[in-house]
Structure formats: C-alpha cells, structure tokens
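We call the chains A, B and C, going by the order they appear; numbering starts again at 1 in every chain.
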Amino acid sequence: MAIADSTRLLVTAPDQGRRRKRTKIPLTPGERRNLRLARALLWPALIVAILITQVPFVVTIYYSFQTWNLQRPRDRGFAGLENYVDVLTNGAFFSSLWATVLIVGSSAVISLVVGMALAMLLDRKFFGRGLARTLLITPFLMMPAASALIWKWSMLDNDAGMVNWVLGLIGISPIAWNTSLPILTVIITLAWQYTPFMMLILLAGLQSQPQDVLEAASVDGAGPVRTFFSMTLPHLRQYVELAVLLGVILMLQVFDPVNIMTKGTGGTKTMAYLLYERAFIGSDIGEASAYGVLTVIVTIVVATIALRTLFKMLKVEGDLR
Amino acid sequence: MTQHSNRRRVVVGAAVLASGALLASCAGAGGGAGGGGGEDGVTTLTLATVNNPQMVDMQELAPKFEAEHPDIKIKFVQMEENDLRDKVTADISTDGGQYDIMTIGSYEAPIWAANGWLADLTDYAGDADYDVDDLMPPVRDALTVDDSLYAVPFYAESSFLMYNKEILDEAGIEVSDRPTWDEVAEAARAVADDDTAGICLRGKPGWGEVFAPLTTVVNTFGGQWYDENWDAQVDGEGFTEAVQFYTDLVKDAGESDPVSYGFTECLNLFTQGDAAFWYDATSAAGSVESPELSDVAGKIGYAHAPVNKTDESGWLFAWNLAVPESSQNKDAAWEFMNWATSKEYIKLVGEELGWSRVPPGSRQSTYEIPEYQDEAGAFAGLTKDIMLAVDPAQPGVDPQPYVGIQYVTIPEFQDVGNQVSQQVADVFAGRSSVEDALAAGQKVAQDAGDAQK
Amino acid sequence: MSTAVVPRGGRTRKRITGAVLTVITWLVTLGFFFPVAWMVFTAFKSERDAATNPPTFLAELTLANFQRVFDSGFSAYLINSFSASVMSTIIVIILAFPAAYALSIRPIVKSTDALFFFISTKFLPLAAAAVPIYLVLQNFGLLDNVSALTVLYLGMNLPLAVWMMRSFLMEVPREIIEAAQVDGAKFSTEMLRIVLPLVAPGMAAAALICFIFAWNEYFLANLLTSTIARTAPPALGSFVSGRGQFLAVLSAAATIAVLPVIIAGWVAQKRLVRGLAMGAIK
C-alpha cells in the first residue's frame, strides 16, 4: 500500500512541504558528496545545451545591433538600438504578439480538453485498443508541412474539402475558411496536430494511477464522476502542467499552417511567421534578430510568471521526499 | 529473468540502431563548402532550381548533356519557389559557394548583377553558335546591366486571357482578340452562377502571387507603384480604381475563397471547366491544353491581356540561369547553361518529350519551328506577339523610374509587395475597405521609395 | 478485500455503456485519423483525380506517384533523416537521463533555475536564429553536413527530454531509492540497474517525441542542406509546385516519410503506456 500512502501524502499535505522549504539545514559530508555527484550528472547536458543554443543566440544578439539587409550588401554597419526602436514602434510586433497568444492559447486549450477526453476514452480496455491508440497519434507524427497541405487542399478547401462537404450534408453553405475565418483555420489545424501530444501525456498520467486506490474509492461508493474530480484530476495535475508547458512552447514555433494557408492575413501573423517574413522576405537580418531577441525577452517574462506558479505547486510535491 | 533478457534486447537493438546511424551519417556527412568538386578531372556542378515542369524536364534530359560532356556532372537541387529564393539569396549574399548554377527570376537578376554577385556572361554568350540575338529582346534586356549580360533565360512568359469557349458560346458571348477589362467583367458577371465562376483571378498574398496580375491591372488603369521621383502612388487614383475593380470582380463573379487562390488553384478550377475566364501566365496554356491534365483541352480560346487605358497589359517574367561570381567552375557552368538555353535543347525537348513541353518564350526561333506551331498553335503565336509588344520600361500610362512590368525592380519590393498584398487580402475578406488597405500600403511603399532616393 | 455482488441488470447496463463508449471511441478515432487516411488514399490517385472537385472517392489506383518519389532520390534523403534523427535521439537520451536524475531524485539546490534555463533555450524563434546559424556553419565549412544537423537537433530536443524524464523520474517511489542506498548499492548501480528499468517506458516516450521532432524538422534542414545531407522534409517540400498539380505525388512522399515514425510510434506506444503504471510494479 506504499503507493497509496505516498499518493495520499502528495495530495493532502502541502503545508508540510512549504514549512520544510524555509528552514536551512547545513549539509552533511554525505550530502555534500551527493551534491557534487548530482552536479557531475548535470554538467554534460548543460554544457551541450549551452554550446549549441547559446552560440546562435549570442550571434543573433550581435546582429540585432547591426544594420544588415541581405539585398543591400554595401550598407552594413553598427546600428545601436535602431533596430529595437523600429521593432517596438512599427506596431507589427504587438499585433503579432496578440495573434500568437490568441492562436496558441486557443489551440492549447482545445487540444488539452479534447486530449483529456480521448485519454479517458482510451483508458479502458476495449476492442482494438492498441490500434486505436496508434491511429490517434498519427496526426502528431505527420510532417507539419504535409498536415497543413492536406488540410488546405482536402479538408478546408472551399469547393473540394471534406469539411464543407460534411457541412453541406447538414445544410450549411460552404465556408471560405481561409479567406473568411483564417484564425479558426489555423487553430483547427494546430489543435488537430497537438491533441495527440496532449493525449499521450495525459494517458500516461491516467495509466499511472494506482489501481487499488481507485478500487477502494469505488467500493466506498464513489461514482465515476466523483472519482474523477477528487482523485484523478489532482493526480493528473502534474501531467496536465507538463503537457501544457511543453505544448505551448512547441506551438509558439508554429509556422506551416500560416505559411501554407493564410500567409499571415486576418490576424494570423504569429511571431514565428512575422520573423520569417522579416528575415527572408524583408531580407533584413538586423531587424529579424532584434525581433528574435525581443521575443525571447517577452517569453521569458511570461514564462517566469507562469513557471513560478507551476513550480510552487510541483516543488511542494517534490519536497515531500 | 524476463526483465534481463528484455533489457538485453533493448540494448542490442539500440546498439544496432546506433551503429547503423553512425555509418549512415559518416557516409552522408561532409559536404562543407563544396559547390563543385574536381576528382579525376570530373567537375561536379550543383544546380539550384525551382520545381516547375520545365525544370523537371531539364533534369530528365540532363544525362544527354553528361553523355556529350563526360567531364561534367550535374547535381540538381529542386525546391519550391519560395524555398529556392530563401536559400539562393542566403547563399549568394554570404558568399556561401554552395551552388554553381542558380535559377533566378527576372526580378532578382538585375539587382544581383548590380551588387556584383553574378558572373558576367557577355563574352560566353557572344559565341556565334549561341546566337544571343535570338533571345527575346525584352527578356534579354531584363538581364542586361550596363550592356553586360548576367543571366540567360530558360523560359519566359507574359500573361493573357484564357476563356472557355463552351461556356461562353452557350451564353452567346463573344470575346474579341483585344478585350477591355470592362467587357470581360461584364461577360464574367453574366455567366457566373453557383457552380461556375465567371472568372478566376489570383488572390493569394504574395508579391509574385496576387500582385502579378493585379499590378498589370493597376498599370492599365493608369496607376503605378512609384512615380519618377520614387514617391509611392499606392493610394493614388489609378491604383485605387484598379484594386477596387479587381476585388469587386472577384467578389461578384470570381472564385470563392480568393485568399487561397494562386496559380495552381486557378489552374485546377479552370481545367475542370468551373471557370469561364482565367487571366494568368501564358505558360499556363501548356497545362490547359494537355489532355492528361485538363478536361477542357481544345475548348479554350486565347486573347490579349485585357486593357483599360493602355494598348497592352501583359506582364513579363522569365526564369533564368546564372553563375555566382564566386564560383570556381564558371567555364563548366557555362557549358551547361549554354546547352540548356540553346536552340538545340528546345528541339531536343520537342522530339523527346513532346512539343507542348518546350520551354516557351526564351528564343524567337522557337516560334518558327513548324512542329511547335502545329501543336501549340492556339496560343504560341499570341504569346510571341504579346512578349514582343510589351514595354517593360513604361508599361503603364505614366513614366516610372525602373524597368519592370508586374514588379518594381528594387530589393525592397519583395517586402513591400508582400505586405500590401496582405492588406488586399483583407479587402477580399471584407475586413477592410480598399482605401484603408491602400493607405496602409502607401506607408510601407513610401518607406521603400525613400530608400531609393 | 470485498467482492461486491452486482445484480444481473447492472452488469448488462455496464456492458451496454461499455459498448457505447467503444463505439464512440472508434468514431472519434476514425474522425481524427481521417485526414491521414485521405492523404494515403490520395497518394494512389493520379494527379488529375486528386485535384477534382468534388473529391473522387472511387479512383483508378496507381503506383506512379511512389515511383516518382523514389526516382527523385528519396531513399538517400530518408537515410539522412534516419541517421540525423536516430543519432541525435540516442545522444539526447544519454545526456538527458543523468541530468533529469540530478534534477529530480537527487536534486541540486538550483534545480528550478537549471530547468528554466533548459526550457528557455526553446524561446528563440528559429527564423531569427536561422541566418546566424547559417553563417556560423558556413564559417566552419559545415553546411550540407548531416553531423552538423544532428548536433542542432540534439540542442533542439535536449530541453524536451530533460523535462519529460524529470517528470517520470519524480514518479519513482522514494522507498526504492532509500532501499538501494540502505543496501549499500553504488550510485551507478542505483541509477542504472534500479531506477533505469523503472523509467524505461518513460524514456521510450521521451525518445519517441525527440525522434518525431528530429525526423519532421523542416526549417533548418531546408536552409542548411542542399545535395548531400538533404533530409526527407525538404525533399517533401520540393514536390510542392507553384505551377502544376502536385497533391498526389506530395501525398505519396508524405506517406513514405511518415511510415518510419508510425512504426516507431506503434512500438513505443505499447511500452509507453503500460510501463508508466508505477503502481503495477509494486
């Protein structure tokens, strides 16, 4: 019953953790050795991450202070803060930020909810369960560019698309998805792709629920709804947070649905697409680098706030070890 | 113990995978700054090209070139147009040296030549066998800077009006050889119904997508991107009238979902008989008349690009081959480029692959080949006439400070055209009025215009 | 342990609910899978049939598209994709497992900062860093090089792997670790022979996700490779034509490209879910 005990501890005793965090305990030699060992485990990954990711980042910062338009090779030079001023005053940055928040936020919520529902449906034993699971994760396995193309040509096409055909069966006239509802178009494609991602993580969480605790609850007379809300959801919280965090970070980079379908019109110009436009259509490396640095700063601010809240909850569970 | 043997299986599996991957990556790794190596006297040229049908054909026929030139091998890198532009620009502007031959458009060629990025081909092309004077004059002019030739055309196109004779005959409408836009609009509105679009016009955002046809409409309505002083005229009378006309026509009689419609989408619509008119590139005719691809082959009529205030309004664009100045293999590269843009190559395509697949518009002699006239007669003669008649120096009513019909030959135009086209998309969707959209566009265009002064 | 006596009627009701749920599950599954299935179907059509309006349900099937894909040298691109994805995933797991260990089971003081650093490396949009990366690689003559691509994918996936494995490692019951220490086990034993088997399924999940991202990565692969190191995604992109119909041949290429990932997914999803049930091991 050890699992049940520790689960109950995790769920019902948060205060203990917070109190423990405040007191500072001097380290014993054994603990100090542990610490050295732990650091040794961490360094390889840290060093690799720093080398591979920070070198490009530093180079990007360097170029953000230069004027450099690829098509005008003779006009290169130091620009100081000019690029940053341009970016902050031209209005595209903030509207793009809003577009990103709207699209990524909606897609994340939709794929989380649908993913949760699917995970619960798949949590039971039923005929062809393994096959159903594999079929359900295929949207996530496809190349994003291929997915976007299929959605553009076969699903959401005004004349030949399946969605309009199905809508036609229930009497709704064809919708020009790309022209009239670009934001929804992007959200549909994105949510379709990321729902399996959420589902995978949540299903893992559901499957790691200790069976005996659930049985005890049903014997005690708790119905499935009550079990879900008071036992399953709290256990799943860690998985939900992981899924949302990773999902959002990944969706921030999303590019293909916008590039292939809407081309940034109608409020779908996300940060990733705006950056692509500045770097490759505008050919302005200095400006694009400034955009990149500003995006990182904004994301860090938002993420710090979000993660601090996240960690407060996660650390609580971790500290109980 | 099962756990142990399971683990062993996983470890062995991982080891096999890893060694396989390692071997493959050793085999695949390395390429470095190679843009042509020389081993045993064989020069390998790397050619970057767009994946249009004519280029696919060129790749198919390349072995013939290699057979005639055993010391040269060609490696093709085919890409979608935007990818190609991204990569080739990144490479040439940073002296990357990854490519020996690049496929570039008439838009970039003079700009890059002025930057000193392209090798001067005048001497190579001066060779009598090459017959550089046979190249279509306006196409050749676009590739010439200060009397030096910097690229050679692979194929070129203008634009014209294609119409489905069946649909129009049924409605009793006749289309003249030189229609006006008002005539076309009236006819399109008359035949449009729920199943058939009156006309298909591009609406997809992009400087080379919607603004290829739209700029020609602007020109013929008396508008322009910039006047002679590089002051932007995007919110001017002609430009506004043209955009209003174009967007209204699409809304009333055009395809639904215009923001999705570029060349390929209109091609699909038209070749399935779902549109009465299509105003687009002359090179579309090859696909339209091909029985394997098109339901309407043989039923299409062709006319000059519709006009308003000018005599002609077709555009001019060519895909050309050029050599970066930094390449080490200019001679070998020229050998190939010579072959691919020569009269002999055109005959080769006609004989081996079919006369409708011949790269159009690059040479005047192409239009004198009898077999080509037979097969492509419906549109080939018209194509040639239009290409010789358009005036890239002043396609519109007023003079302009650059040479180019459906684009502005400045580096910033990619960006300007792209941004304004996104504004126009809002007009198609009903999210913005033409005036508001063009006011926003004017600002962007003016910034770029100021940079030219 | 009490055995509840369930009346006959209740069992039938349960079976009906079960059947209904199964039907609903399968309907939703097929609905979700439909675009993929349609893509595979399109791969067997001729270009003309693929572009019709309304869509063709009964079409003459052909293998011509697949032929065309392989004629373009697709197998070489698949091999490149394979080597970059597998190598980067293996190295990622090797690096991430100890790091996640240090951030969960034997936490260091600044573990939250380290975790935050890892995830922050993914905040920079690729397009902003693309040209800088291009220049750096060009400087070292590493353009068009599979190993360079492998290294970049490594950096791209490391944060994901660290985060995911940390979460799975947090599930390992404290008692097991303590028991091992009490038994006087060496640290490497503790890590490799006791904890690793417990989280192996979780590792499978992280490895699968890293593999998927490396395999499907388009942007960097397109910019940084040309002939020798070209991977499957840019090759797929090269079928998108601005001047003709391409949906059938593109579907064929996409089908071929997704098969290895589906196989990996099928293999992983079995281990992935069952094994994460830590409670079962008790």
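We take it that a contact is a pair of C-beta atoms (placed from the backbone, for glycine too) under 8 Å apart; a residue touches a chain by one contact, two chains touch by 3 or more.
What you are looking at is a predicted structure, and each value in this text was computed from that prediction instead of being measured.
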Most distant chain from chain C by Cα centroid: B
Higher-contact pair (C-beta pairs counted), A-B versus A-C: A-C
Chain A and chain B: spacing of chain centres that average the CA atoms, whole Å: 38
Between chain C and chain A, distance of the C-alpha-averaged centres to the nearest whole Å: 15
Sequence positions of chain B contacting 2 or more other chains: 86, 90, 94, 269, 274
Numbers and ranges of chain A residues touching at least 2 other chains: 70, 157, 159, 280
Multi-chain contact sites of chain C, meaning residues that touch two or more partners: 51-53, 131, 135, 237, 240
Touch list for chain B against partner chain A, complex: 85-86, 89-90, 93-94, 111, 115, 203-206, 255-260, 269, 274, 411-412, 414-415, 418, 422, 425-426, 428-431
In the complex, chain C residues that touch chain B: 47-48, 51-53, 72, 79-80, 82-84, 86-87, 90, 131, 134-135, 138, 141-147, 150, 197, 200, 222-223, 225-230, 234, 237-246
In the complex with chain C, residue positions of chain B that touch it: 3, 7, 10, 14, 17-18, 20-22, 24-25, 27-34, 46, 48, 50-53, 75, 77-81, 83, 86-87, 90, 94, 96, 98-99, 262-264, 267-269, 272, 274, 283, 287, 292-293
Touch list for chain A against partner chain B, complex: 69-74, 152, 157-159, 174, 176-180, 182, 261-266, 269, 277, 280-284
Complex contact set, residues of chain C against chain A: 2, 4, 18, 21-22, 24-26, 28-30, 32-36, 38-39, 42, 51-55, 95-96, 98-99, 101-104, 106-109, 112, 114, 116-133, 135-136, 151-152, 154-155, 158-160, 162-164, 167, 170-171, 173-175, 187, 202, 205, 209, 212, 216, 218-219, 232-233, 236-237, 240, 247, 250-251, 254, 257-258, 261-262, 265-266, 269-270, 272-274, 276-280, 282
